[in-house]
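Next up: the structures, one after another.
Both complexes shown next keep subunit A, but they swap its partner, so subunit B is in the first and subunit C is in the second.
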Partner chain A sequence: MPGRKRKAAQIVKLIGLDDSRLPAISKRMKLGLSADEMIMLKNYFLSLGRDPRDIEVHAMAQAWSEHCCYKSSKFYLKKYLSGLRQEYVILAMEDDAGVVEFDSDHVYVLKMESHNHPSAIEPYGGAATGVGGIIRDVLCMGAQPVALLDSLFFGDLKSGHGEGQLDQRFVFNRAVAGIRDYGNRMGIPTVAGSLAFDRSYSGNPLINAGCIGVARRKDIVRSRVTQSGDLLVVAGGKTGRDGIHGVNFASRSVSGKREDDIGSVQLGNPVTEEALTHAVLEAMEAGILDGMKDLGGGGLSSAVGELCYAGGLSAVVFLDRVPLKEEDMQPWEIWVSESQERMLMAISEKNLPLLDAILETWGLDHAVIARVKEGSNLVIEFHGETVLDLDLAFMTSGPIYCRNYTLPEKKEFTRTQPKEPADLNSLALEMLADFNICSREPVTRTYDFTVRGSTIVGPLTGSIDAETHSDAAVVKPLEDSFRGLVLTSDSRPIMVAGDPYRGTLNTLSEAYRNILVTGGFPHSVVDSMNFGNPEDPGQLGKFVESLRAIRDFCQKFSLPVVSGNVSLYNQNRDQNIKPTPVIFMTGIIDDVRKAIPSYFTGEGNSIYLIGNEDGDLSGSCLLHHLGYENTSAPFVDLDELSSLRKSMDALISNDVILAAHDISDGGLFVALAEMAFGRSIGASVDISETNGGRPINKLFAESGNRVLIEVAPEKEKLLSSLVTATIKKIGTTLGDRIVIENVNMNLIDVKVEDAKRAWSEGLSKMI
Partner chain B sequence: MKIALRIEYKKGVEDPESSVVQKNALTLGFDKLKSIKIAKEYVFDIADQAGKAQVEKIARDLLVNPVIQEYTIYERDE
Partner chain C sequence: MEGTNCEYEAFESFRRSGAKPEYVHIKQLEDRRKKLTDFDIIFFPGGFSAGDYVRAGAIFAARVKAASGRDISEFNDSHRPIIGVCNGFQVMVELGLLPGESRLEKRVTLTFNSSGRFECRKVFVRIATRNRMIGSAYVGRNAWEIPVAHSEGRIVLDYPESTFNYLSDGGNILFQYVDPEGNPAGYPWNPNGSYGNIAALSNSYGNSIGLMPHPERIYYAYQAAEKLEPAAGKQFFDAIVAYSKSL
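Presenting the complex of A and B:
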């Protein structure tokens, strides 16, 4: 426009500058690059014989950030996870989300990502945009999003807050509200997830959001452009100064003063994203999209670069055509802004009018911002002036680090044995009210988990007013088929902190059992790895051990890892968080009408325990509750889990099981109580025959691959002929009390109602 | 004495609510709107001047998110 003063790109003087002065430039421009990386950058421009412009330096910093190029983790991810494929996987770790066969015509598309650093600064906006981002990752593959999951980790709510830090209750409330508002307003049900509290997350909460969608197999849109001459259209939200440097910021720790990190904060706008979803699905239906990528971390810089590079092409970008929120933005700000709700689409010139019409119908801002071309260099023009001209391969590939790591010390697995309390009844009630065990209803109830009308089993299940937790959610994504998705998202940070390898195996075993007891068969794995500072060899060692566990488990059970996310530098004042691998596992159930409930269905039925127990309390909620830290993690026998799988398959196909629940947080006692809650049916149980030693070990140990099942008396004969795993009858469903005996001694005798109250009030008492 | 505390988003923070109002107003034909700013105002009835300092503290400790919001405090007519 005439008369308006435009700030062109500034030259950044690097050539001739002493290497020792480079880190100061990285700091001043908030690039997040190390001294070595700055030298690489300088040498590159030395070879070109010119100094870079600011936009070029910012573009490189984006592309080389931990978030975009996985520089600290790529080597290890490739080493451990690249070989895990199954023939039914269509795309794994290639595009924005994984694509897996659902039935002969359909695929499911899934991904989980963390939004930890933004949520530490502004929990509401950070969590909400985390949900928005993950929905777009699924959407940009051409899939209709059908369900959301989230795994959340907060500091101890009782601990208050340190200097310059947000109160943990505020962080918790606002983050949950952000997830609620985004998911509910988009009309996508939030069906499953997990919630954990530990002091190490104070100041660095973890927000992991997952999304799953479905699409017809032939409609999948790739995150690449293969047609030279295609146009790139940016659609949805406008580009603003919000969210500048978000990814550079994810490559370091949260700074002490929150206001320093202002530029990284974004507010979500689900109303725009809802319209964007409709528009994208219509364009996909019309078959006019040649490629698509959502704008997330790194903004246009990442999206344009990766979309073209993946297709072996490059582009000329007309940066002044991007719709802006603020008029006077500089080219580099436009290029790296991470404003939300934007999508980048590749389309041929002849189909453009059709796309324009669709976007107009939905009232979305849009503009053609680039033309795809042959060649190796990406060129950006701003009002006719070339402001960036860089080799895309050099820019997009980024450095890969193979940093040193140290493995956790080989320690003898000593078992911590707390004192036996005098009154097990009150310990039992205390455990039910423990933060990491108690009812998640105050959180899950705020999420709309039935919108879309396809949720068969939500996070809460049972009779009205007597609900309990489900093990996994069941979603029926297609109107004309009873085939369903079984979804669970799990994490055992206490166990992983004790022993990364064993702890991660326990996490996977729990996710696996959650799907089995719901009546499904495990089908694919998504990992979301949240760890501390990778420059600390001990932290990196934990990450590597955790990956090794994922590989070993998935190899054993022929499970593919189809997508994933790595979040490093999760620290608060040099204190690393507990290493937290989140496992989002998806199963398939042939007929959703056969989903197995997690609660006792009637009185007079038998309760069986399948699996071996050894009474190992390591990594248990009981020890965490009693104040023991890092108590190692119990051994996981994968062969035993395999035989459990065979037994469950046989029992399910013969309709033997009335209800089933896995034994995890809080051990056998909590599992029994949760089964009792769903219909307020009590149980009379005798654990004399179980192994494990002392009563508290038998009641609260979380070790072993165990599940509880409820079986009608007339099916018991059939049961014994079908099960190959270790199985014991431990009691009967009965009355309105939970009574547990051991060697003729009564250990626990509580009314279901009282136990339920303690469990229900645990969380709401704190918030 | 009445003290008003006005809280609004900082410049550069996108307010989805105001963009929806603006969009819908334009749809209805109100074409002279350039932008809409939505703010929230609390009105405190305070005993004396010392109360003003308390309002300031309430703002900072309880009501304002300094990362995305800014506030002004002023005396207001009854």
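Presenting the complex of A and C:
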């Protein structure tokens, strides 16, 4: 609003207004508050005996947004996930990221977040700032970020676009470019992730970005300030009008009118963030940070509020000192702006010169914007005038809803049985080229996954001219230790849509096996929950069922849930997305040099299948590929997975395994093919002894807790004593063809080269 | 400077090879808090200095030139090693350190990959000249595995054939991309479409080197796909440090 300089806050008339007129105010000011919440707000100010100023109303709206206070999900998160702790967890779901013991002196710090709504209307900026935000969440704990992951979900690339939507291919390309440009410029390797396509994501893509860092245990900086008299310094990017009302936007559905929402999208500048990272780590190294919080959703409003509230203190804010991009910003705009690359640091006054020097070396804008004080009220001054004076507890805690939900109807788990195709060879090649299965190389190749020199296994692995997918990435974060992090991020939305409880268990089983087959032991879980409208009891029921599965799984395997994210209102018009819990699981490997390859390492070795198969095609890529609507998900036997874990531990400690790969998307056939690709070594396989019924079930079912391993002939005699799970020999590594027989009948006979081509070309035309 | 981001692994590589590395920020040169001639080796790391939104490395080079142009000339004249990797290579070309002769200036340019995209992959190189710093570090294998990760790494020459011959005769072509057997080959072995498969250049004396591949990311065999000891990075840093100590 040019010409209106230094505009102080306006009074918003609530008192005396009829309750029926309150929703209109919420709408006009883009507050995103419900009628009931507006009444609570009015009553609060009634008790103070005055009307609020606009900045006060905006501050409350930020704090009470779904995004900031988890009002629809908090009750259920607490109910299901709060009991999942392990002694090696240092901070779980308290600060901006989880903190877990790595070795006796070090911790790893991790978090995953979604950035779905901004990406729907501006995929490049939305995805890029999603990466920027997750890096700051890890950085603000005082940790050096060491790896990035991303799980991405897009609409059907072949469908073009619906009315009012961006073209799906455009969204896909721009989102990938956003992640590439931000991650690469930050110099943090993007090492793992997942990518899936389904019609339900048209108009509401999901961008889940994860980050993991390491720190010395004693250097962890808390997201709270406990020293009265400390100064709060905002550093990094300037504050502008970009990203205003981002959290309110993220807490409702995408409207379909992009021009209404575009102002809510934040703009990213990775070079500022790269400098900020250096500066923050130098300040951390100097030991001068008493507390730190990244400025994300809700901007200063939520960062200052939460930093002080968590420490039982409050603050006086001098809002006119915030460095601005646009000088004529109104106080409320400054307070709620979600401009990127900003960090809030608490330090004592005597350390200010040192912090100033560090920030100036890195050319970063910075200013002291507040002083921490005792007392319950947060006060904001703007050019000497008090514009906000609110009880921090009332403001920050937010409402908690225990909304009604309905569970999916108890049902018979039905099995869909497609017709057996005449030509399995063609179907096999088609499946390899399916968007949900084919090579992710066109995407992952554009991410720098070797920067920092600590990536031991990246997204692509194998001989240099024949790479295949890895199961999990392996990162060696410390110079003086061979201990490594094993990272995977998985989702099974088709299965979860079929049955949220079983589907989520399948997701967890896959993540768990990805870590086992890489040679690690699973250590912690981060959940990034992407669901539809929580005001729809059926949608909320799916969320609750998914949480129940996470609890049951993590209890069974003694795994802590250390941080997480909930994104609701993912829908386009009235269509909810497929419920999509993303599981970012971290494992530990004692020695990164012992990481197990996901590809056949030599000819003449034996191929074994561990785990039972039941041939259930529910939720499989095959049914999705053939156009069946899925209504079910396979049963997961957690006792069997436990037995698989013990067997893998024994096999690994006896050096029996040459290579291992889990069976997931695309079933046994795709798993065999991916193992063949990594060094262009074929296989001769006979599946007569496997269960599962008809050939397509045996080849393409994704059910069960199965893995394939490659074993040298001289080690085979050890298997019977080491493996307690079901194990069967199914073939031999051999030649340059993948040949699969079943009861004396040849099912598949393809050259590795041809299979590889089909797999490689799947996505290459789309990017 | 901001956007430079391969300094950690470069720092560790020098340390492992017995040097005592130190980070120097461009601002410290500008403020005269540090002086380049106080050091024995200069290493320009990779990354996206200033975001690379202008020509890659151009802003970094301009700032270095303004702050320490004379120190760099002095450093180079004393034949101390100056190394630039990836974005650092681009900086060295911008600074005129590479190929390093006035008559070659502006005849060699680094530009966008032929594939038109950023590519992170492992490639093979072989040594293409005798270099007084590298010495015999890369004998015994036809092809050395090394990572690349860039979008602007294609070397183009003004008059391809004649300039290539000139560079080749002058010993300026240090590494070339090859296939696993050590033969010149096209994409993806040559990941960016560089003319004559040029992967690295040196000046004629051999003390200034610019590479697109990243030796600092492959110091140990366990960082490699082929797991062969010794890895290319260790050979590189050991040789540079040994040369520096011999001065």
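Here, the second predicted complex is superposed on the first by the 760 of 767 C-alpha atoms of A that agree within 3 Å, B and C clash if a C-alpha of one lies under 4 Å from a C-alpha of the other, contacts with A are read in each partner's own complex, and residues count from 1 in each chain.
Here, a contact is a pair of C-beta atoms (placed from the backbone, for glycine too) under 8 Å apart; a residue touches a chain by one contact, two chains touch by 3 or more.
All figures in this text were calculated on a predicted structure; none of them were measured in a lab.
Peer 1: Classify the contacts of A:449 with the two partner chains as first (subunit B alone), second (subunit C alone), both, or neither.
Peer 2: second
Peer 1: Please work out whether A:93 is in contact with subunit B alone, subunit C alone, both, or neither, and reply first, second, both or neither.
Peer 2: Neither subunit B nor subunit C is touched by A:93.
Peer 1: Between subunit C and subunit B, which one touches more residues of subunit A when both complexes sit on the common chain A?
Peer 2: Of subunit B and subunit C, the partner in contact with more residues of subunit A is C.
Peer 1: Once the shared chain is lined up, is A:272 touching subunit B (first), subunit C (second), both, or neither of them?
Peer 2: A:272: touches subunit B and subunit C.
Peer 1: Pick one for A:361: touches subunit B only (first), subunit C only (second), both, or neither.
Peer 2: The answer is second: A:361 touches subunit C but not subunit B.
Peer 1: Touch check for A:739: first (subunit B), second (subunit C), both, or neither?
Peer 2: After superposing on A, A:739 lies clear of both subunit B and subunit C.
Peer 1: Looking at the overlay, what does A:122 touch: subunit B (first), subunit C (second), both, or neither?
Peer 2: First partner only.
Peer 1: One more residue to check, A:638. First (subunit B), second (subunit C), both or neither?
Peer 2: After superposing on A, A:638 lies clear of both subunit B and subunit C.
Peer 1: Examine A:241 and indicate which partner it touches, taking first as subunit B and second as subunit C; both and neither are also allowed.
Peer 2: It touches subunit B, and subunit C stays clear.
Peer 1: Identify the partner contact of A:465: answer first if only subunit B is touched, second if only subunit C is, both if each is, neither if none is.
Peer 2: Touch partner of A:465: subunit C, not subunit B.
Peer 1: Using the superposition on A, tell me which residues of subunit A are in contact with subunit B and, in the other complex, with subunit C.
Peer 2: After superposing on chain A, subunit A residues 269-272, 363 contact both subunit B and subunit C.
Peer 1: Under the touch definition given earlier, write down the residues of subunit C that touch subunit A in their complex.
Peer 2: Its residues touching subunit A are 2-3, 5-6, 8-9, 12-13, 25, 27-28, 46-48, 50-52, 117-124, 145, 147, 149, 180, 188, 214, 216-219, 222-223, 225-226.
Peer 1: Show which residues of subunit B lie in contact with subunit A when the two form their complex.
Peer 2: Residue positions touching the partner: 10, 12-16, 19-20, 23, 65-68.
Peer 1: Quick one: which bits of subunit A touch subunit C in the complex? Just the residue numbers, please.
Peer 2: Going through subunit A, the ones touching subunit C are 180, 184-187, 269-272, 274-275, 278, 360-363, 444-456, 458, 461-465, 479, 592-593.
Peer 1: Which positions of subunit A touch subunit B when the two form their complex?
Peer 2: It comes out as residues 121-122, 125, 237-238, 240-242, 258-259, 261-262, 265-272, 325-326, 339, 363.
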